[in-house]
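Below are two complexes that have subunit A in common, paired first with subunit B and then with subunit C.
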Partner chain A sequence: MNIRCFQRNFSAALPPLVPLQLPSPMETHLWYVLPDEVKSWGLLNQYSELLSPCEREGVNRMRGDQLKKRALLARALVRTTIARYQTNSQMNPRSLKFRKNLYGKPEVEWRDEDNFSPLPLQFNLSHTSTMIACGVTVNVPIGIDIEEKQRRTKNNLIAFAQRYFSAYEVKVLTTISDPEVQRQEFIKLWTLKEAYVKALGKGFSAVPFKTFTIRFRETTLRNFHPPGSSVSEASDIIVESFDDPTNPTNNWQFTLLEVAGSHYGAICIKKDRTAGANELMKLTVWKTVPFVEDVCVSGTDAVVDLGRIIEQ
Partner chain B sequence: MASLAGSSISMQPRHALVTSRVSGLKLVSFMNQGRSSLSFGLRSMPARLRISCAAKPETVDKVCEIVRKQLAVPSDKPVTGDSKFADLGADSLDTVEIVMGLEEEFGITVEEDNAENIATVLDAAELIDKLCSEKSS
Partner chain C sequence: MAAVRGALIKHLRVNATPLPLLLLRNPKTIPNGLFNLTFNAIRRFSDEVMGSFLDKSEVTDRVLSVVKNFQKVDPSKVTPNAHLQKDLGLDSLDTVEVVMALEEEFGFEIPDNEADKISTINHAVEFIASHPQAK
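Showing the complex of A and B:
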């Protein structure tokens, strides 16, 4: 599949993109595509028309049709998603320019000569062979990572953790006796650590995995609702950094999800300083096929919050 | 081999080496037409390019083998010195696993700032040769 040589015989132009409301402060939007649901070659070819020549070259360099499709969908998802948040006029997803920051983190490059006004959006992408996800916030650094629940490491899991994770995290993993549960907790921890490093946006050499611990912390919430107050036990996900005191780690909020029954997903965003201590990240999740359909899956069993266990 | 490796280390700072290597690599693959053995190309290449191809062929082959296994690359797809991990479908977990596999195979430790610069098989092979020669010196 070389998309440049693909025969063009689509009968109709792409429909206009359905506009989106920007996320509110402390709100995250998560969009995901399931490649197996995008079967139309005509549609894939139309997606390829949205890409820059450089992106198209990147897609064609991927070895194998499935990898090419995945790379194509990732670019199409990020371009169409960001273009839809434009409030004033129709933003052509093809016109968006992307660049990498000093450390290689992708970002939108807004230029004065474009016909649309810059959006205060931040985004981050992640993909596996069966899902591509894009997280979006307003003005808040974000990192996301998804992994298939069934993912197995080629190396011994504990040996891997001893090499790359912190001592506390190794201890937590080693005390899990069921190998399957241990594997699942390993994958969850990996996605959380990846999401944190991606949110920081300085590359993983700036924040080696061994230099921080991510763990669950028990907290207590007091609810003052009539007829009397009640106390809930909750689990927060927190990060403790060993050697960067200039970056207070209670600045970062994590969400851990099970998505579409098949993936673990971690989202890390920088907390707004004006937000209350227990103010949660509001999250809305959509399953999408660009130009075709959006399905809001928040509140369904396609999105399960694994990170905050509330017991009363 | 030691003198070749030595000349690549003393030449330029790492990022400049990357720049020259990129153009060097394009020429290598054009001239060798996809052959993974670099020693053949070295004889016919000008001195400027010879500096970029400092990895031993056996190191490159070993890295190709480890990458192929980690990423389960089908046998009909080539994995060569200029293969980019990302183009073979490696995600970040794959890349870290590959680095761990290389550490175990060659008895070296790869620091994060070195690991972050590994994009191709050749990058890994050159780093391995450099770390191995530092270890033995």
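Showing the complex of A and C:
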């Protein structure tokens, strides 16, 4: 597949993106696209027009159609997602500029000469061969990671965990007797750890996986909804860092999901300073084919919260 | 000429390491200054120079075969210049698995901050070939 650039007027070629309100503090928006649902060459070519020349070159550099398609959809997803939140005027996804921070984490570069006002958005991307996801927050760092539920590792799980995970995490995994459950918990733990490192934005080597533990912790929630107050047992996901006392780890909130029945997804965001200590992250999830269809899938089977087990 | 040579040797002299006993027994067989210097230098550096750095082309072959062994990798794309993510489509978990497989193949641990820099086959080869602990 060769990405050819057709000289077409953007506004004539594609319908406008449905505009959206920015997420509030402590709210995350998650957008995902399933590459298998995007089959039209015409649509793919139109997506390619949204990319910068540099991005297009990056896509063409990928070897093989599937990798090229995945790279293309990832860029198209990021651009169209951010463009949705421009409330003043229609933001052309093609006009967005991106750069990398000091450690290589991608971010939007807002410039004065562009015709739209900067948005306080932060985003993070993750992809597998069958899903590409983009998480968006306002003002707070975010990291996301998705993995296919059926993913197998080449190495023995426990050997891998002993090499890369913390001692506590190895212990938790080792005590799981069912190999299938153990594999699933391994994948979930991997996504949580990846999401944390990506949220921190300093790269894998700055926060080696062995230097922090992610685990579930029992908490109690007091529920004041009618008919009266009740006490629920819940499980929080927390991170404990061994060697970074300057970064108090109760600053980070995690969500663990099963998405579209096929993937585990982890989201890590930094708690907003204004948020209450026990304020929970609100999450809204959309399945999208940019310019074609957006479906809000929150509250459906497509999104299952695995991190919060509420028992009454 | 001898004076220049002597001055040069004095300038180049490394820390003394004891000569093998055999040579010490018979002072007449102690080599002259220059040989002394070279001999000591070789003894001092032998652990690192002779036999412990792997030959680069051997490392390349072994690295290529480790990566080709990965089920999700298309072996025909695995070349020395191949980029793990861009050419072979590996994600972060795959890359860590590759590093682990390389550690097993070469018998030494690759620190996380070094592993992070390995984005192509060539990077891996360079790193491994420059490490005396690699077997």
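Keep this in mind: the second predicted complex is superposed on the first by the 298 of 312 C-alpha atoms of A that agree within 3 Å, B and C clash if a C-alpha of one lies under 4 Å from a C-alpha of the other, contacts with A are read in each partner's own complex, and residues count from 1 in each chain.
Going forward, a contact is a pair of C-beta atoms (placed from the backbone, for glycine too) under 8 Å apart; a residue touches a chain by one contact, two chains touch by 3 or more.
These numbers were taken from a predicted model, which means no experiment stands behind them.
Q: Which term applies to subunit B and subunit C once both are placed on subunit A by superposition, clash or fit?
A: In the superposition, subunit B runs into subunit C.
Q: A:147 contacts which: subunit B (first), subunit C (second), both, neither?
A: After superposition on chain A, A:147 lies in contact with both partners, subunit B and subunit C.
Q: Given the touch rule stated above, what does A:204 touch, subunit B (first), subunit C (second), both, or neither?
A: Both partners.
Q: Give one of first, second, both or neither to describe whether A:61 is in contact with subunit B, with subunit C, with both, or with none.
A: In the superposed model, A:61 contacts both subunit B and subunit C.
Q: Where on subunit A do subunit B and subunit C both make contact?
A: Shared contact residues on subunit A: 61-64, 67, 127-129, 145, 147, 151, 153-155, 159-160, 163-164, 190, 194, 203-205, 208.
Q: Over in the complex, which subunit A residues touch subunit C? Could you list them?
A: 58, 61-64, 66-67, 70, 127-129, 145, 147, 151, 153-155, 159-160, 163-164, 190, 194, 203-205, 208-210
Q: Would you pull the subunit A residues touching subunit B in the complex into a rising list?
A: Answer in residue numbers: 61-64, 67, 127-129, 145, 147, 151, 153-155, 159-160, 163-164, 190, 194, 203-205, 208.
Q: Provide the residue numbers of subunit C that touch subunit A in the complex, in ascending order.
A: 70-71, 74, 77, 86-89, 91-93, 96-97, 100-101, 103, 112-117
Q: For subunit B, which residues are in contact with subunit A within the complex?
A: 69-70, 73-74, 77, 83-84, 87-89, 91-93, 96-97, 100-101, 103, 111-113, 115-116
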